[in-house]
Every structure is written in structure tokens, then in C-alpha cells.
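A quick write-up on the structure given underneath.
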Amino acid sequence: MNRSIVEVSDLSHTYMQGTPLAHRALNRVSMQAAKGECIAIIGHTGSGKSTLIQHLNGLFRPQAGKVIVNGLDVSDPKVDIKLLRRQVGLVFQNPEDQLFEKLVGDDIAYGPFKMGLPLAEVKERVEWAMELVGLSFEEMKDRPTFALSGGQKRKIALAGMLALRPKVLVLDEPTAGLDPRSRQELLQRIRRLNQEERLTVIFVSHNMEEVAQLAERVYVMALGQIACEGTPRQIFGNQEILREHHIGTPEAVDILYKLREQGYGVDPGAFLPEEAAAEILKLINR
Amino acid sequence: MSAEFELSRNITIGQYLPTESVVHRLDPRFKLAAFVILILAIAICNTYVGNLFALVICISMFAVAKIPLHYGISGIKPAIPFIIILATLQLLFYGEIANGGTVYVQYGFITISSESIRLVLVSAMRFVEVIFLSSVLTLSTSTTELTHGMERLLGPLHKVKFPVHAFALIITIAIRFVPTFAMEMEKMMKAQASRGADFGTGEWWRIIRRTKDMLPIIIPLFNVALARAEDLILAMEARCYTPGASRTQYTHYKAQGKDYVALLTSIVISVIMLVIPW
Amino acid sequence: MTNNPIIRVEDISFSYKVNQDQQIPVLKNVSLDVYPGEYLAIIGHNGSGKSTLSKHLNGILTPSEGGVYVNGIDTRDRMRLHEVRSKVGMVFQHPDNQIVATIVEDDVAFGLENIGVAPQEMKERIDASLAVVGMSEFRHRPPHHLSGGQKQRIAIAGILAMRPQCVVLDEATSMLDSYGRQEILTVIRKLHEEGMTIVTVTHHMSEVTQADRVVVMEAGQIVLQGTPREVFSHQARLQELHLDVPDASRIAAYVHAQCASFSVDLIENDEVVEEVNRHSIPQAEASGT
């Protein structure tokens, strides 16, 4: 495995520090992401997920602890924050809300222009980013943004981020509010970015099917701390963790647990429907 | 250091401080009425002693409402430059108009007399009184009570076709959405900063450098606000809201002895302020 | 069901006007009856017309052709719109965009104030409906400190207070996390058990399996209709429509492909477990003897 590209150690964060309303959102959180890895962060609302990912591109600076991304130390006051933000593309929840240019191409070009790149390169990046999210450059660049569907707008927002050519892509609830079709399509795009473009992907999600499909490694957060960490197989295969942290289980896992309660020897870590079916076939073909 | 984006957490609208004092428990209609009477008296009274008296009353009001005085003082701090500018302007340019009294300095168009000094000092005192008074009001009354009280007080205007309910509803909805929009704005600033916008990387005042830089925030915020408004209209319609139609009211206030006492006290204070001749 | 439908949707068409001479048809000749006490789910991908259909059920939209009748009242009859809307309540997608007031109980009162309920009665109704959704202790709180699920429960309470016969949920759980969704589903299940008619528009198949009847929309028309079991047995058709099926159905189909006697029309997790039991117990006995 490669050296970590994201290295968070002992990170703590308190909102409204020094007031009666002070609220500790992160408490000595440590996590790593290796180059090219795909990592899911799951946990209840208010567990600190959002606060954690906002440290990765320097929207928050560490109050205590360290965050180092691709060699840049986020806690260093002299760090080039714009360079950092180009290396870590943070896509917020419902990113389609942030589109503001009339035309699709212009909106995606916003970031590269802000970097001060020459027109030719901006154009090249926009084209590249649009192809990556599955939008035809020629066909879509001059379309008005407001007339597009929610799923398409979200792809445009994602392209706007990719045009900065980040090394790490951080996504907050990437598929929330999308219909099954757009969700599947977006998930495939993200997977391709991770596998073909070797982009390190860190995403926050409450959809366990999605976590099961995408993630190589999962961090479970609770009360501002990392409650546990492991592969989806390890996490979903451990019912105590799932129960304790109110993590929804993928349906397939739920079925396997029910079988196990009845005394069948199945592996509940088989979280994909195909795998679960294979486990069941083992039972009935024997 | 990391506070550059913490908008929503700093916003306190209707900074209600529930200390359960007698002032808190007053009927909001009466509380508002007493407030208006006192403000009027302050606006009219231009004597030193009258205003000193009002100042003492205002300060003692904090004690009655069990609210620490520093809440009121912190309300004055941001107004100090304003008070100073106003005082300077009055001192320099009001001498001619505020004629009468002894003239101390006469230099060109600048006249400083005992009357213009009185004007300056009284204005400053009025400023402080109004801030203290509004602080006590907002700290002791929830925004909901305030809108209810206002709606009831304006009730009679319904007869002259003034849309009282609609007006109160607009204010309620506006207050209701302040925290929502603050959060929205914070998210939008962070989202745009994440894709290369400049704010959040330098001093706070760089945000307002150029309006053009604000477009990536203003336009999406506006879109989101419109979408929200559309949703809200649908939701209100679905719950049988018809603009202009008569409605019943859930909250009913019943005046008690203490409410009448409060109103009467405010009238007495006002009369004293206005009859003091010095 | 022999009783009369609460809502009758009769051959409606609806199109959005883009400008003077351009119209986008959204619904084409849709007919649908909703019966008292029924739990109906409407599914379809975005743009299939399912939300537009649901907005016709209480007269928020009125059809360009055909008619929608709630208890026999035409939703185009503006004089009786209050009757229609207090009988068919609606919960929308965004938790934040349907709360009007600055404290919870005032928001629940909003609909009651609109239909002119007397103040004494309002209090009883507010108490009762907040209790149903389990939010009584929050009645004096400002809404912006509540979670998404809690806000949606308040929205439901506001509708229940109007004593509706039918609650329509227009993607009411799509903005919530799994925990919040469970909160809402629990409330809905309880309401349905008490006899409330439920119409839910959703993407979540776990909500669909609970329904008595499923209606699948595509391009403004109803293309598939039946019990969840019937509908989910058309896996290929649903895939064509880019719709999910429950994992239980998917697993059953995989197993069925290898082992023909394994039933294919399973929709709930427990059914899969039972089916496994049915298949393995004789074998267990066989191996025991």
C-alpha cells in the first residue's frame, strides 16, 4: 500500500469555544487514507462527520491535533490554502445548489479561471471534467444550467470540482435526494474516478447499500470520535457495532443475520445481494 | 482562526434570556404597549433630569427582569461611533437652529450654546435609553410572543383594511427562516471557497472587496430562497391557508393585574419625565 | 374493496405551460382510486409524473382534463377547497420548507387557524396529534434545533390536527438519514394500523413493501399496478424503468436461477429466511437419518 495521502491525527474541534454554548464536535480523531483508496465515513447525524471532512481542505483549521494532506500541513498558518483546496476537492451535500453561471460550461470553468489558468487550458480541463462525469462537452457546454434535472446539475457541480484536478475527492452524501437511476449512475462515475483516475475518494453516507458497493474501508463515527474502522465486510459482519451505533444494515446483511440467529452457518459479511445469494445456495444445495 | 465561516452560530436574533422574571411573564400586548409609551416619552422629553430619571428607570428594569446589565452595555458598544458622530454633527451644526440659552462659542457658522450642548447630551442619553429598553424587551420576550403581541395590538387596524394577519405572518416567517438562511449562506460560502473562490482565505473584509466576487454566493442563495418560498407556499396552501381569509387564533392572552400595573407604571413614568421642567 | 373510494382520479391529463404555445405534458390519462384505510405507494423515477399526480390528490394542482374527486367533491371547486384539503393532508419533501411558525405548537396550530377551529378545541387537537407523532415534549421548542426526522414529524402532526382521512407523503423521507426515515415509517405504520389512508410517493423500496398496493409511473402514465409482490415479480420491467427492487427479491431471484424450487416472488427479508427454512429442513432431516 502507498503512503497515506490524508493523515489526520488526534484532531479535536469545539464549536463556539469559550461560550456557554460550546459544543465538542471532534474529540481526538485519527484517520488515514492511502493514495487511491475509497473510504466511507458513516455515523449518526451530529457524530462529527461533516466537521471532520471540512478540516481536510482547510475550511476548518485544527484547534488541536494535525491534518496533513498530500504533504501540506493544514494547521500551519502559512500553508497555501488555495493550493490545498485544489488538491482536496470537497463536494458538499446538494452541490447543485451552488451553480450560479447561466451556462453549464461557464460554471465548470469557474474554479480553473480562479486559478488564473490560460483560456486554452481552462477549456481543456472543462472538457476533460465533463467527459469524466459523463456529460458531452459539445452538447452540454452551452446549455442553460437552470433547465437541467437534479441529477445532471449534480454532475455539473462534480465536474466543476474535478476541473481543479484534485488528488483527493471528498463527498458529503453524494447521492442524497437522487432517484435510483441517477444514484446508480453517479455511483458508477465515482467508482470509475477512483479506479481509473486513481483519485482518492472519501465519502460520507447514510446509505449502507452505497457504502457496501463503493467503499474499501469504513470509518464509523459516534459522538465526535472514531468508534471503529474496518472493511465493509468487517463492519457489516459485526452486529454489535451496527446495533450500538444505529447503523442501518444493508438488506442482504439483515437476511444473513436472521439466518444465523436460526443456527445457519452463514457469513453475514456478505453484503452484496449476489454474495448473500451464494451464501444461501451453500445452505440449500448441500 | 477557524471562525471565518462560523456565521450561523454567531447569529442571535431574538436573544431571549429566559430568567422567568415578572417582566418575562407579562402579557406581550401590554409589554409592547408599555414599551411604545416609554419610547414616545423618551422621544419627547428633552430635559436633563427627565432623561436622567429615564436612564435610572431603564437600568433598574434590568434588575427587575433579572438580566445582567452587561447585556445592555454590549448593545451600546457597537453604537458608540454612531453616537459620537451624531454628537459632533449636532454640536457643529445645530447651534443655529437650537437658539436660545447662553452662547459659549461663535466661530463662523459654528455656534455652541447651552441649548446645543443640551441637545447633544440629551440625544446621547436618549440613544442609551432606547438601546437599554429594547434590550430588556427582546431579552425578556420570545420572538413568538413579540409577533403575537404586535398582531394583537395592530388588530384594530384590521377595520381600516390593513392586513394585520398577513403582516404578522410575514414577520413570523421571516424570523423563522433567519437561522435557515444563515446556515445556507455558511454552506454556500464554504462550497464556493472549496472550488476556488477567494473568501475564507484572507481577512474578513476581503469578502466585500468586489460585488462581483459575491455573485457565486448571492445568485445561488437567491435561487435557494426562491425554491424555499415556492415550497413554503405549497405547504401553506395544502394546510388550507387562503390569503386574506379570516382565521382563528391559537394563542390567547388574558391580561392580569400585573399587566395593568405595568402599563400604568409606564404611563406614570412617562408623565413624570414630561413634567420635570429642568 | 367494496366501499367507495376517498379519492377518485378520473382520466386526468396535466401539462405545464412553458410559454404561450409550448406545453410539457406531465400526466396522460391517469385514473386511480384510493380506498379508505388503504396504504398506497407510488413509485417511478424523477420526471415520471409521480409527484405531479400526488399534488392533484388535494387540489394543489388541478387537471387540465379529467377530474379528481375527494369524497365526491371536485378539486376544481374553489369554494370547497378547504374541505378537500382538510380531508387529504400532505407532507412534502423538504423538512425545512414546510414549517411556518417559530415554535412547534404554533406550527401545528397553523392549519387549524386557517380552517377556523375554536381555540379550546385547537389545544386538544394539538395535544393529541403531537402525542401521536411522539413530539409532545418539543411543543415549545423552536423548529430549527430539531433533526430532519423530528421536523417531518411536526409536519405530520400539523396535518393530523386537521383530522384528515388520508395523508399523502410526497417523498417525505428522501431528505432524511436512515434513522430519521425509521422515525417517520414508525409513525406512518401506526397511523395506518389505526385506519388512516396513506399514499406515499417514494424511492425507497423498504417503504414500498409495506404498502397494500403499488402504482408504478413512467412518462406520465401508470404502467404497472398491483400488490408489492406482484409488482416486484416484474424485475426485468422494473429494471427497464430504472427502478430498484428490494434486496430480498433480488436475492430470491439469484437463488431461484440456481435452484428452481426456491420461490422467486419474495419481497421481505423474513420471507427469504422462511424460504431457506423450507428448503433446508427436509435436507437436515435427511442428513440426520
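General remarks:
Should a chain be cited, it is by its letter among A, B and C, assigned in written order, with residues numbered from 1 in that chain.
The rule is short, and it goes like this: a residue touches a chain if its C-beta (ideal position, glycine included) is under 8 Å from a C-beta of that chain, and two chains touch if they have at least 3 such contacts.
The structure displayed is predicted, hence computed values, not measured ones.
Set against the Cα centre of subunit C, the chain with the most distant centre is B. Two chain pairs, A-B and B-C, are weighed by contacting C-beta pairs, with B-C ahead.
Centre to centre, using the average C-alpha position, subunit A and subunit C are separated by 30 Å. Once the centre of each chain is set as its mean CA position, subunit B and subunit C turn out to be 44 Å apart. Along subunit B, no residue makes contact with two or more other chains.
Counting partner chains per residue, subunit C shows two or more touched chains at residues 93. Those residues of subunit A in touch with two or more other chains do not exist in this structure.
By the touch rule above, subunit B contacts subunit C in their complex via residues 142-144, 147, 169, 172-173, 175-176, 179-180, 227-228, 231-232, 234-242, 245-252.
Of all residues in subunit B, only 1-2, 5-6, 9, 187-188, 190-198, 200-201, 215-216, 219-220, 223-224 touch subunit A in the complex they form.
Note for the complex: subunit C touches subunit B at residues 55, 58, 60, 81-82, 85-86, 89-90, 92-94, 96-103, 105-106, 109-119, 122-123, 126, 143-144, 155, 158-159, 162. Of all residues in subunit A, those touching subunit B in their complex are 13, 15-16, 21, 54, 57, 59-61, 63, 77, 81-82, 85-86, 89-92, 95, 97-100, 110-112, 114-115, 146, 160-161, 164. The touching residues of subunit C, when paired with subunit A in their complex, are 45-47, 93, 147-148, 174-175, 177-180, 182, 203, 206, 242-244, 246-248, 250-251, 254-255, 258-259, 262, 269-270, 272-273, 276-277, 279-280, 283.
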